[in-house]
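These are the structures, in structure tokens.
What follows is a pair of complexes built around subunit A, which joins subunit B in one and subunit C in the other.
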Partner chain A sequence: MIRTLNRRLPGVWATAERRQSALYWLIMLLPLPLAIYTIGLGRYAIPTEDVVRALVDYVTAGENTSTQPDLAYNIVTRIRLPRIAAALVIGANLAVTGTAFQGIFRNPLVDSNILGVTSGAGFGAALALLLLRSSFEVQLFAFVFGLVAVMLSYFTSRLYHTAPLLVLTLVGILVGSFFSSLTSLLKYVADPLDTLPAITYWLMGGLTDVTRGDIPALAIISLGGMAFLWGVRWRLNVLSMGDNEALALGLNPTRLKLMIIVCSTLMTAMAVSVGGVIGWVGLVIPHAARTLVGPDHQRLIPSTMALGAVFLLLIDTMSRTLLPAEVPLGVFTGVVGVPLLLVILRVNKTGWR
Partner chain B sequence: MLKRSIVLIVLIALCAGGTTPASHAQSDGGLRVLALEAAQAPVDAWTAAFAEASGVSVTVEYAPASEAILDRAAEADVMILDDFEAEPPIAFECGFVSRAYRLLPDLGARFLASNSCAGSMGPLDEAAQALVTFMAGPDGQQIAIDLGLLPATVEIVDQAGEAVSVPQPVRRIASPYSIATYYVYGVGAGNRLVAAGYLGARDPAGAEAMRRLDPNFDTVMNAVSTLNQQEANIEELAALQPDLLLASARTDWLDAAGELGLPVIRFEGESPERLKDAMTLIGAVLGPDAAYRAELFNAYYDGTLAEILAQTETIEPRARVLFSGTEPLRVASGEMYQTAMVEAAGGEPVTADLSGYWNDVNLEQVAIWNPEVIFYPPYGGANREAFTESEEWAIIPAVQAGRVYGLPKLAAPWDTPVPDSILGILWIAETLYPDQVTLDCTAEVHAFYNLFYDYAITEDEVQGLCP
Partner chain C sequence: MAINPLLRADSITYAYMPGQPVLHDVSLAVPPNSAVYLLGHNGCGKTTLLEILSGIRQPQGGTVQIGGVDISRYPANKRAQRLGLVPQIHMPVFAYTVREVVVMGRTPHLSFLGTPGRHDYEIVDAAIEQVGLAALRDRSYTEISGGERQLTLIARGLAQQTDVLLLDEPTAHLDPANQHRVLETVSALTEQNVAFVISSHNPNSALLYADQVVVMKAGRIVADGPPDRVLTEEVLSASYDMPIEVIYSGRTARAILPRRTNGNGVHVAPLESFDEAAIPPAPDREGRAAS
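Now for the complex of A and B:
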């Protein structure tokens, strides 16, 4: 709709449109070559031809057929590939859910954590670490409690009959704080030698422990959710104009918002249950994308996915290659993301005003 | 030092195995003390106070020199002499000579348990032990202070660099620092703890072991509802009226505790040298016997290290060792005690260049380090399966060779800077080089817990502790 408007406008608008269109295609083309490039990077030095051979073997035969040592093949296929895949998917996932939330909340300060999904997931993970300790249960608990927190926020907010979005935001913040407090309580009773480090470690977030087994569930839920959000991209444009416009255009805003919230929550909970708490992606990337390609969700949704994937891939690559000891991902996203956001807010000419 | 341990074990074995009844006659049912003439003033005061408090009659006979006392050891229940480290020329068929207790800087005591068969002590032997522990404990120290033989205050500089002045004697110790708790046991003052944290004793096995080491464990552990490095219930703590607070150099709540006006000693024992310094410090403030036990511990530590070194220093190539933590990819930095232990045991710690505390790394980095042996600690849910059943870890040589080992613990984990860690070093050396290292872990474990925890460890416990 905005695009049709733009087309009719001459001069400045048309130039901006051409620039945004070029940037859009550039962004969309970025993730794949970058991903292939980063497969060659790592603490363990593997010659490029061996990396290529490992990849070719992996794709064609599914096992190491060459004379190069098994170790290189295993590092490429079992350690780097799953981690790069996870970084791409989680980055895209968090960025696109952030965009969707900013759209439906009509608020540039929210991301998909606003309804407490991360705090709930953190509590679930801490609970599982305290009681059960198996990594499958930790992921399951994180996922389930992430959903529980959001349901609590959503249904509690329905009890109040004024300004639904504002109340939902407020209740989301409250529920998030509530689960954070519960997590603190668990940390308080946890054995400082045993369980506490495990909980702290989980809450810091990171892709160090990602293995091939984590990828299918993450990919299915994330890609499914992304497909849905892509499918409703023009409706997001309508929603971001407000409920009255949406009703006037024949949409049921309440039901649509609920569907988007459910979808985004499933996606975020999945991402958090695999990668732990990775902040800033869902806030910084939508703003960056909006600056680059404009506020139209037709382009915004795909380009936030691509930018989010690239952002987390770069950050995770730094985290795994720079030092012998890993820099926690949450630290890096904040250190890189906050200055980036400040710059974006300075140069931002489109979108939120 | 190993010889000393063996003597002790032989004595215990004799004590446990012998069945012949008492070898020397009892006089009137009272305790007979043989003491050095020069120490008449304190000995009279000690024995009088003990007799009054316990109702046991005590007869003291004085001799001019230690040699005379040692020669007549068979006639006595308790010997008080200056050459207290000398072994009396006496062997019981059914009994034992106690370890040496230091009462004053140059005076010590032993009791002779001549009626102790199969591990149970006769009533007179128990009285003799009670007299010696009375003299070596805070009551005896108070009497010596009143006589001007010991200082009323001890000045030390703690491991945070603070000067601390500790009024003597210390009767009630609160140890929020769960590592320092074991320093107190190590110098034989565990019975003075009124509130303490216990490293590694929150899981059922650790708690059960700690209960065997100290029957009062549950009371002491639960005396204050909240007591750890991060926080403490200061009022509950104050209600216990401790004389001394043992804290970590990294404890947060000390300013509030400082308002109680209690002496606080701060420890930071993350290296072999600093562990020994910590033991010296705790010994210095808990009286002459504790100071003596700290000296014994440090000598034992150095002696055992030297024996390990003698067997491992020529081994080439050194085993490349990864010390992993509560998660497989959390590894001990070069500044941590675990790394020092691996070095002392003759291994090559692959993470020696890392700094700080536990470091999170990735598996590629581990592949570069290429470890041949992996150790994991006895806490935090760390387990062998996390390595051996992971297809990612299968690329690491240590995992391929099955050389993944968990350090043991009795109560305190053997990989932390507690006195028991010397056994951890021994254990690592034996595990790394089973063919070259021929030290006897079983014997050392028996000796260690006898010497430093006054605990006769059972065969079942030893089974779980030695490789």
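Now for the complex of A and C:
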């Protein structure tokens, strides 16, 4: 079908290179209009022009200049804007760290959780929910334990001298399982009437509780990390060819990979501490983007950011509008992401062998 | 040697495990515009030596100099501007196009956050042209043949614009026609100010294409010199630890073959030296003997 389509579509669609270039620009232009449109959606529907007016007022004046109802202004700026900003940033964040990890691990089946960051963060959050119960501490514990898990993986793997990449992957999986087991232990001892549901719900991910106060830290770490990964996008191509080739081409692969791991881990820990455990984005989106724009990280890195942002925005919009009660985000990403990945793997000819 | 060597290694020693050196006191010199072939049995240290010559592995003793400068004094990207290593072909995980693979050769010339620009792509396209892959430029590297992949990696080495390219068994996994194509291309490139060091398991390649042959055995260099002096039965038989036969046409060596055994492990007598005059002329297409 795709081949017939290619033959019939002239011009921009004629060669793989032009098609990928056209799709790249399309993907890059997608997030902003979609975000503005979805702000209007919800139990209280707001026309897009009112959304735009509210946003313009918010940015220029910082208050409602009364060209739209106060209620609309408040819903847009206080409730939906933080949530949608978080969806965009977390989606982009998880997708791009997944891409970076697939590149440096030279493995299309890993995402940024391969070193245990999400499992560690999950444990941290469960621990805070069990002992302290304040939302700031939940975030802090999630963030810190995410970093602890990755450090544990990284330094443990250095004790072994053979096949560093394989050992790192293996140790990462082990550390992840270890923290998952600890989380199960916490759930087992948690009060089944209030703490256990809180932990379970947190582990399924969601942006329901996101407030404006969550945005600055999330944005600073995520955007900083994305800027760094965008900066080294060319070097990710070279790293994906293996350490010896990267060395022969004048890179220092060990140092560069460590920088990328540190950066991605900070980003993922931040995303998880705000949005809970949201799986599949980091695995599905890199594949989808590779199918659309090709494997070159120069295009792949920006387009996974855009596509990840769009994906999580759509999932979050569905989770808050489709059913009377909200469906946890992590559940929805799996329900939508897994079939999507199956389709991509069927269609994909050029992304990876 | 009259010409100053471009690349020289002095007394290189290297051990992966303490007490078990794989290279003992290895010294060699590569003159400009030449193809140096490195022969030797499996595990004799060829790949390790190439990695040390390219600077991606640090020797425990000895030095490698390019143009008179010790390469350990260069930062990684400056070193990679002078020395390139062309690895054995392999499948990358991601299906980059030929052009995307070749442009990676420009990495040592880019700044830390830099990406290749128009000038780099001009060099890349010229390199692709030089190895004769222009038609495959936008094809996926994973879809082309082994010989084409090897040529792609050589083109990447050319795009790197180094003084010396080190090729690690560029003809392994290739059929005879592709071996010929790759080595012929390399030979032609020695006239363009690139020197090559090529490791090979096929002494016949060295016979055909080498300017200088280095033979290794168990981590030591056992012979080094022009092909007609090094590719002899004595040197090769000693290096590979089995009887090897060199077949001459007149005074020119034409083929190198292991000597066959009679099935009981006893080596059969050497073939008589190849005498072209003694061979009956081949019949032409109709089957008549040529007059």
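Some observations on this one:
By definition in this document, the second predicted complex is superposed on the first by the 330 of 353 C-alpha atoms of A that agree within 3 Å, B and C clash if a C-alpha of one lies under 4 Å from a C-alpha of the other, contacts with A are read in each partner's own complex, and residues count from 1 in each chain.
Everything below uses one rule, namely that a contact is a pair of C-beta atoms (placed from the backbone, for glycine too) under 8 Å apart; a residue touches a chain by one contact, two chains touch by 3 or more.
Just so it is clear, the structure is predicted and the values come from calculations on it, not from any experiment.
In the superposition on chain A, A:P295 makes contact with subunit C only, while subunit B stays out of contact range. In the superposed model, A:R233 lies in contact with subunit C only, and not with subunit B.
In the superposed model, A:R133 makes contact with subunit B only, not with subunit C. Of the two partner chains placed by superposition, only subunit B is touched by A:E326; subunit C is not.
Using the contact criterion defined above for the overlaid structures, shared-chain residue A:A35 touches neither subunit B nor subunit C, since it reaches no partner. In the superposed model, A:I278 makes contact with neither subunit B nor subunit C.
Of the two partner chains placed by the overlay, only subunit C lies in contact with A:P108; subunit B stays clear of it. Touching subunit A in their complex are the following residues of subunit C: 51, 54, 56, 76-81, 84-85, 87, 90-97, 100, 104-105, 107-108, 110, 112-116, 138, 140, 142, 160.
The touching residues of subunit A, counted against subunit B in their complex, run 42-44, 70-71, 74-75, 78-80, 133, 191-195, 197-198, 201, 206, 208-209, 211, 320, 324-326, 328. Subunit A meets subunit C in the complex at residues 15-17, 103, 106-108, 231-235, 237-238, 240-242, 244-245, 247-252, 290, 294-296, 298, 350-353. Across the complex, subunit A is touched by residues 178, 199-200, 202-203, 228-230, 325-327, 329-330, 333, 351, 353-354, 356, 358-365, 367-368, 379-381, 390-392, 394-395, 413 of subunit B.
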